[in-house]
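Residue numbering begins at 1 within each chain, and the chains themselves are lettered A, B and C in the order written.
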Amino acid sequence: MKRAFPIFAVLTALLLSYALYEALVAAPTEKTMGDVQRIFYYHVPSAWTAFLLFLINFVASVVYLIRRSHSADIVAVVTAEVGVVFCTVVLVTGPLWARPVWGIWWTWDVRLTSTLVLWLIYVSYLMLRRFSTSSQTPLLAAALAVFGALDVPLVYFSIWIFRTQHPQPVIGGGGSIDPRMLHILLLNWVAFLCFAALICWSRYRLERLRREVEETQALESLLEPRSLR
Amino acid sequence: MSLAAITRATLAKDLRLEWHSRDAINSMLFFALLVVVVFSFSFDPNAEESRQIAGGLVWVAFLFAAVVALNQTWARELRNQVLDAFRVSPAPANSLFLAKALGNFIFVCVLEALMTPLFVVFYKLRALGPAWQLIPVAVLGTWALVVNGTFFAAMSIRTRSREIMLPLLLFPISIPAILAMVNATTAILTGELSAWFWLVLLATYDVVFTIACLLLFETVLHAE
Amino acid sequence: MTFLYVAYAATWIIHITYLGTLVQRYKRLQREIEALQK
């Protein structure tokens, strides 16, 4: 296990650089959007990774509510945090792509807005974990995660109605995608998944260690007065 | 005692206490009044413009005022160790939750009933669509805010700076409900679009989250 | 074209910042462990 981590890290780095090369150099240039379209190879895989992490967070929260297992809770913390990081990447690269293509930074489009709301929900989740003084933080956080997951379809549906009632910029969606582009997209996704797994792995170890230290500190403070006497 | 009886008893106690002190309703009313006046100063709309923006303004005012009331929901119980007593008693936890949510619902509805005439006067409002539909919008929308608000207030009393924590938890989750309330109100005021979609959405939101709150409240109450 | 590079750079800045906070948290833990071992 100890040696697996650096090997995995090196492999991920290699994969990421290869995927970067493919995305920037080898990929065919898109006809209408030009080179800017290459943001796609970072934007979309980040979004998929973020959604996958939030899904894992939801599953882990439900498992925690049923079984009260500590590892499920740690998985929930880790995936929420890393998910927010990836979601931030999506929200930053999105407008950078929209500006040259649509001429606007932001539009209240279904996917954009739902991602933003999802980001807000998970930031509030992390805030709750941070500010909670209860010893039952995992329980409260798991409850909030369940609420968030229930909210997602409602958010999507509400914004979908909202948008169909309003004019919106024409988004160059639909149509078939070049198989070469799809290939590079999937390659980038695999690379980012490995990267996410790598971060989650180290974050998981960190959280484990932190809890052990906290427990030891609590024990120490219990023992201390006795040793003074 | 049954769930309904305990709910009724707790609700009656809360309403009686509120009737004697009028803490929540007074602070809410004054707060909403301030919001109305400040918004009215800063926008000063004519009748046509106000129809477009009033839906948003009204609900933002009520939302912030509701947070004032929601924050006080559990404060009294926490001070007097009522929650601990409730935890050891055999009474179902959901009766406590329902009583609190209904209490808040009544407070916010009273607030809305008192503030709506003021809004109408300040913003020169006259609905072009079917005005009676505003009542189901208000009822469903208020319940949507209050049911989750009561639940999250129970969560935020376990955090540092709990007064700030409640809106931080409540607002992101409430976004679909707020969107639905605002758009339904605007649709009715301008009379251009139908509000039915939004009413259905609000009803769905209410059902989903009422069930979720009732299922999870016991775990949250016993988490200490 | 600049938008493309900004987007790629931003992605990595965000990831590296996060990794930086992880390293910082790890170092603080290490210090606490040392304090405990004394």
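Heads up, the rule we're going with is that contacts are C-beta pairs under 8 Å (C-beta built on N, C-alpha and C of every residue); 3 or more make two chains touch, one makes a residue touch a chain.
Keep in mind that this is a model prediction, so the values were computed, not measured.
*Asks:* When you take the mean of every protein CA atom shown, which chain's own CA mean is nearest to it?
*Replies:* Answer by centroid distance: A.
*Asks:* Let me check something: if the centre of a chain is the mean of its CA atoms, which chain is farthest from subunit B?
*Replies:* Here the answer is chain C, farthest from subunit B.
*Asks:* Taking each chain's centre as the mean position of its Cα atoms, how many Å separate subunit B from subunit C?
*Replies:* It comes to 41 Å between the two C-alpha centres.
*Asks:* Just the number, please: Cα centre separation of subunit A and subunit B in whole Å.
*Replies:* A distance of 32 Å separates the two centres.
*Asks:* With chain centres defined as C-alpha means, what is the inter-centre distance between subunit A and subunit C in Å?
*Replies:* Once rounded, the distance between the two centres reads 16 Å.
*Asks:* How about subunit C: which of its residues touch subunit A in the complex?
*Replies:* Subunit C residues touching subunit A: 1, 3-4, 6-8, 10-11, 14-15, 18-19, 22, 25-26, 29, 32-33, 36.
*Asks:* Would you tell me which residues of subunit A are touching subunit B in their complex?
*Replies:* Where subunit A meets subunit B, its residues are 65, 117, 120-121, 123-124, 127-128, 131-136, 139-140, 143-144, 146-148, 150-151, 154-155, 157-159, 161-162, 165.
*Asks:* Going by the contact rule set out above, which residues of subunit B touch subunit A in the complex?
*Replies:* 148, 151, 155, 158-161, 165, 168-169, 171-173, 175-176, 179-180, 183, 193, 197-198, 201, 204-205, 208-209, 212, 216, 219-220, 223-224
*Asks:* If we count contacts the way the header does, which residues on subunit A are in touch with subunit C in the complex?
*Replies:* Per the stated touch rule, the residues are 20, 24, 34-36, 38-39, 42-43, 46, 82, 85, 88-89, 92-93, 96-97, 99-100, 195, 199, 202-203, 206, 209-210, 213, 216-217, 220.
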